[in-house]
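Take a look at the structures below.
Both complexes below contain chain A, partnered by chain B and then by chain C.
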Partner chain A sequence: MKVIKIDKNEWASGLEKLRSAYELIGPVKEKFYHAFQSLESGQQPDMDYINTRVSPKYVIYPQSELILECSLNENDEDYKIYKEPEKEYKAKAILGIRPCDADSFSLVRRNFDTEEYKDPYWLRAYESTTFVGLACDQPCPTCFCSSAGSGPYSDSNLDILLADNGDHYLARLLTDKGEKLAEAAGWSQETGEEADQQIDQKKQEAESAIQSSVNTDKLASQSLLDLYEAADAIWEKEAFSCINCGTCTFVCPTCWCFDVQDEVSGKKGYRIRNWDSCMYPLFTMHASGHNPRGTKVDRLRQRFMHKLKYYVDKYENGIQCTGCGRCVQLCPVNIDIRRICNMLNSYDPESCTCEVTAS
Partner chain B sequence: MVNPYIPYPVRIDEIKTETEDKSLKTFKFVFLNPEDEEKFAYRAGQFAELSIPGLGEIPIGIASSPVEKGFVKFTVFKTGKVTSHLHSMKEGDIMGIRGPLGNWYPWDLLEGKNVVIIGGGFAFTTLRSSIIYMLDPENRKKFKDIHVIYGARSPGMLLYKEELEQWAARDDLNMHITVDGTDDPEWKHHTGFVPTITEQEAPAGTEDTYAIVCGPPVMIKFTQPVLDKLGYTDDRIIMSLENRMKCGIGMCGRCNIGKEFVCKDGPVFTLRQLNQTPKEY
Partner chain C sequence: MKSYTDKIKEIAKRLLKEDKVDIVIGYRKGTVPLMHQPFFATSEGEVDSFVWDSNCGLNLANYITDRKERIGIVATGCNSRNIAVHVVEGKIQRDQLYIIGVPCQGMVDRHKLAAMAEGNIASVEEDEDKGTITISGQGFSKSVDKAEVLQENCSICVHRNPVLCDELVADEVTEQTREQADPYARVREIEAMSPDDKWTYFDDLLSDCIRCYACRNACPLCYCPQCFVDESNPQWVGKSVDPTDIRTFHLLRAYHCAGRCTDCGACVRSCPVGINVRDFTKKLEKDCLELYGWEAGLNTEQRPPLDTYKPEDPEDFIK
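Here is the complex of A and B:
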């Protein structure tokens, strides 16, 4: 794998060269927090950021997205016939995405790209994007990526991995897409073998700096119904303080649930999909008023069982979480997925108890 | 890439009010593009999203049968925003159908078996599709005895009344129609709840006998112990579920019962399968 060196001034000038071929998206500070935004001409991504408050999932999967449109004018030939709106999927480059957030797209892909059905909107946006990741050298206390199947230098869903090395980046070009972007930017400074070793060493240092972890080794072998029914040991207690605000699902890079709504404007009909949340009662309410997840205990259980058991069983590919820690940081009542994960992992159905770890 | 969100355009060809309280209407749709009918090839037990542009979509079981050609039928209960609007639509109006979606009753498995269909209220739609399918001259010989137990609150609340009478007159189908109560002195079928009639009329559960149960939760709750008593094992009791749905293709995340999606992995499950999942339906 090719490693190149990008001097930081060369980084800035290279980005300008990319603009003709790519829409550039990077972290930008807005008031108090960082967010991924489309970068205007001359605007540089803030590569000194820690992470964004809301995950960058919206770059591929907008919070609100038009999926179909039709004419509501009776004189039109295609009156009331829904069609896909014309939309250009221009090449995009997402700059400085953290490895955990990049990995989240591989987890979410399992939902949108299946044998039977493919979500064309998600897939086209994903495929037109080049992921230029920025390795994490300063993890937060809430980061637990390395035990959640990701890591501070994880490159499994990146096209380029950048490691900050003072006045320059060491960049691993991981895919053809990545090489193409580096070429277009004019980044081509060769490095020796030591650069590769340097990245590996930085990776080890970063991994050892992560203090927080989850145990997931027994999740797959636990009985789904035993965990579901562990109301007293887990769900009632954990849901006690939950206010069903939905912050966790909103900021989560791997929460993909959506709602579909129709709207009318003038003589046009629109079908729009919007992020939705399993924390809200309307998510599952039948037209009859019956609600299969009618209590907040049901809803909290759904979120954690989905991430830590249903997903594990369905795809046999680990948990539906990359350990970014956003929900831990932002939950207003301190519900902690690390604690719940360890509870599920250690649950003993014989005694109906689990190890409760401080987190 | 096929876009699974685009409905096939259809025209409402016929609307029939089914019940005395006018809460149920059957809509017969014809595809605007004849080739879409082939793409919509379905099996009895599947459902589709009925799409009203500018208003929304609703998941509804397919009431017509794969052996009926040239149209598709859905019987819709007026209850929410989209169904209420649909009830006010007229013959000739244009709308959309997206599907077929979900799995179907296990027709391969049911071949050579006795089939007992137990239905209540307006959950009889995909059961109608199934009965028409099994009674088709090509198909009838594939099945042994067929029993149908169908109940509604009153005679006026039964769906497909003309067909029910035709089926009752046949000798290759054991039809047991019941109502909770009636003051009609002419009523010639059963009176009593579905579980009671099931206990009286359903054949004993054997290795070769399968029950398909579809109805309101209260009917299912009381029919299940009856089937247990008659000797039906949980892998020979087949049920069809409903949950709130949006996408219908296993992506939007709301209709799951444990790791299964009712829309994509169901709506048809055996009781054995349901016993292994959370009861979130």
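Here is the complex of A and C:
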């Protein structure tokens, strides 16, 4: 695998060269926090950012996305016939995405890209994007990526991995897409073998800086029904503080559920898909008025069982979480997925108890 | 705050032991800094997890709505006012409750501290004698006066002591007068803006909203079985991130809280993107005070002004 060196001034000038072929998206400081935004001409991504509040999943999968539209003018030939709007899927590059966030797209892909079903909107956006990741040298106290199947230098869903090395980046070109982008930017400074070792060294240092972890080794072998029914040992107590807001699901890079809504504006009809949240009562409300997940305990259980048990059983590929820690940091009532994961992992159905560890 | 914590534990244990209550609602230490967790104890052993300090900024009245048990509840000034609102509105019976009153010294603003930190905050220390808060993390440590980093609603609060309680955990704290606190300074600034500037201001205020409804759900007043934004037949509001729908949600929610809001700040505290939702509710609080001489939750008898009619109600708006 090729490693090149990109001086930081060369990084900035290279990005300008990319603009003709790519829409550039990178972390930018907004009012208080960083967010991924489309970069205007001359605007540089802030590569000193720690992480964004909302994950970059919206770059591929917007919170509200127009999927169909129609005319509501009776005189039009195609009156009330839904059509896909003209939409250009121009090549995009996400710059400085953290490895955990990049890995989340592989998890989500298992849902949006199956043999049976392919989600055209998600796939087109995903396939037109080049992922230029920025390795994480200063993990947050809430980061538990390395025990959640990701890691501060994880490159499994990146096209280029950048490691910050003072006045330059060491860049691993991981895919053809990545090589193509580096070529278009004019980044081509060769490095010796020691560059590869340097990245590995930095990787080890970063991994040892991760302070928090989850135990997932027994999740697959736990009985689904035992966990589901552990109301007294787990769910009632943990759900008490939950206010059933959508913060955890909306900031999460791997929550993929959506709702489809029809809206009317003037003489046009729109079909929009919006992120939805299993925390909301409306998520499962039946037309009859019956709600199979009628209480907040049911809804909290659904979210964690989905991430930590149903997903584990269905895909046999770990938990539906990359350990980014956003929900831990932002849950207004301190519901901590690390705690719940460890509870599920250690639940003993005989005694109906868990070994609880906070983080 | 150790003395407060110890006293809360002592009272909670006594209440459970003497079978005066079935559960006691308080806070346990959070797994991350600045974020304690609402928690209920049913045994003396569980009471040992209770904690009290400047990170107990949610409103526990939110957790008693329609509950049937006998409840012990830890309550500050604003929390006790929301309990009073709940009693008036029939969401809980006064005799179900044993209120453990906390004379409040204010909560720290997690958004402000996060913005001050040069990185992620790994730990927070409070020095009660010096009145300082120290935040630290990888490569930084910073001490600030607690007064500087109080939640805005706490710094202008004029009801720190519980208005309704069965037992206090400490002597009452000195209240600020309204003249000292000047609680409506920010509202006046917004009122003085031109219509265009107001529009821009509110547009910008809500620009980061992700419609997670944390503000609504953290609010003890928002107990409707179905919120108007969730109704689907008829559907009043679109569900996308359209700015008009976002504004509609925030404005209507604020009006539903008019004359009921105690400015506890739970909405702002829970917002993941730091929107000062209180800019809406505070204006309505000011109007209620100026038009009706009304402050929410000061007793358990009177219904809020927008819920009642009196011949002397102001009617200048009828032209």
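FYI, the second predicted complex is superposed on the first by the 359 of 359 C-alpha atoms of A that agree within 3 Å, B and C clash if a C-alpha of one lies under 4 Å from a C-alpha of the other, contacts with A are read in each partner's own complex, and residues count from 1 in each chain.
Methods note: a contact is a pair of C-beta atoms (placed from the backbone, for glycine too) under 8 Å apart; a residue touches a chain by one contact, two chains touch by 3 or more.
This structure is a prediction, so every number in the text was calculated from the model and none was measured.
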| item | value |
| --- | --- |
| Chain A as common anchor, with chain B and chain C clashing or fitting | fit |
| Partner chain in contact with A:54 - chain B first, chain C second, else both or neither | second |
| Which superposed partner A:245 touches (first chain B, second chain C, both, neither) | second |
| Inter-chain angle, chain B to chain C through the CA centre of chain A, in degrees rounded to a multiple of 10 | 90 |
| First, second, both or neither for A:259, with chain B first and chain C second | both |
| First, second, both or neither for A:298, with chain B first and chain C second | first |
| Touching partner for A:159 - first (chain B), second (chain C), both, neither | neither |
| Contacts of A:310 with chain B and chain C, given as first, second, both or neither | first |
| Gap in Å between nearest CA atoms once chain C and chain B share a frame through chain A | 5 |
| Chain B/chain C common contact set on chain A | 259, 261, 263, 285 |
| Residues of chain B that touch chain A when the two form their complex | 1-7, 9, 32, 51-57, 79-80, 83, 94-96, 217, 242-244, 246-247, 249-259, 264, 276-281 |
| Parts of chain A lying in touch with chain C, wherever the complex brings them together | 30-33, 50, 53-54, 63-64, 138, 140-142, 240-241, 243-247, 249-251, 259, 261, 263, 272, 274, 277, 280-282, 285, 328-336, 338-339, 358-359 |
| Chain A-facing residues of chain C, complex | 30-32, 35-40, 58, 62-63, 111, 114-115, 119-122, 137-138, 208, 210-214, 216-218, 226, 230, 232, 238-242, 269-274 |
| For the chain A and chain B complex, residues of the former touching the latter | 67-68, 70, 72, 79-84, 111-112, 114, 116-120, 123-124, 224-225, 228, 256-264, 269-271, 273, 276, 278, 283-288, 290, 292-293, 298, 302, 305-306, 309-311, 313-314 |
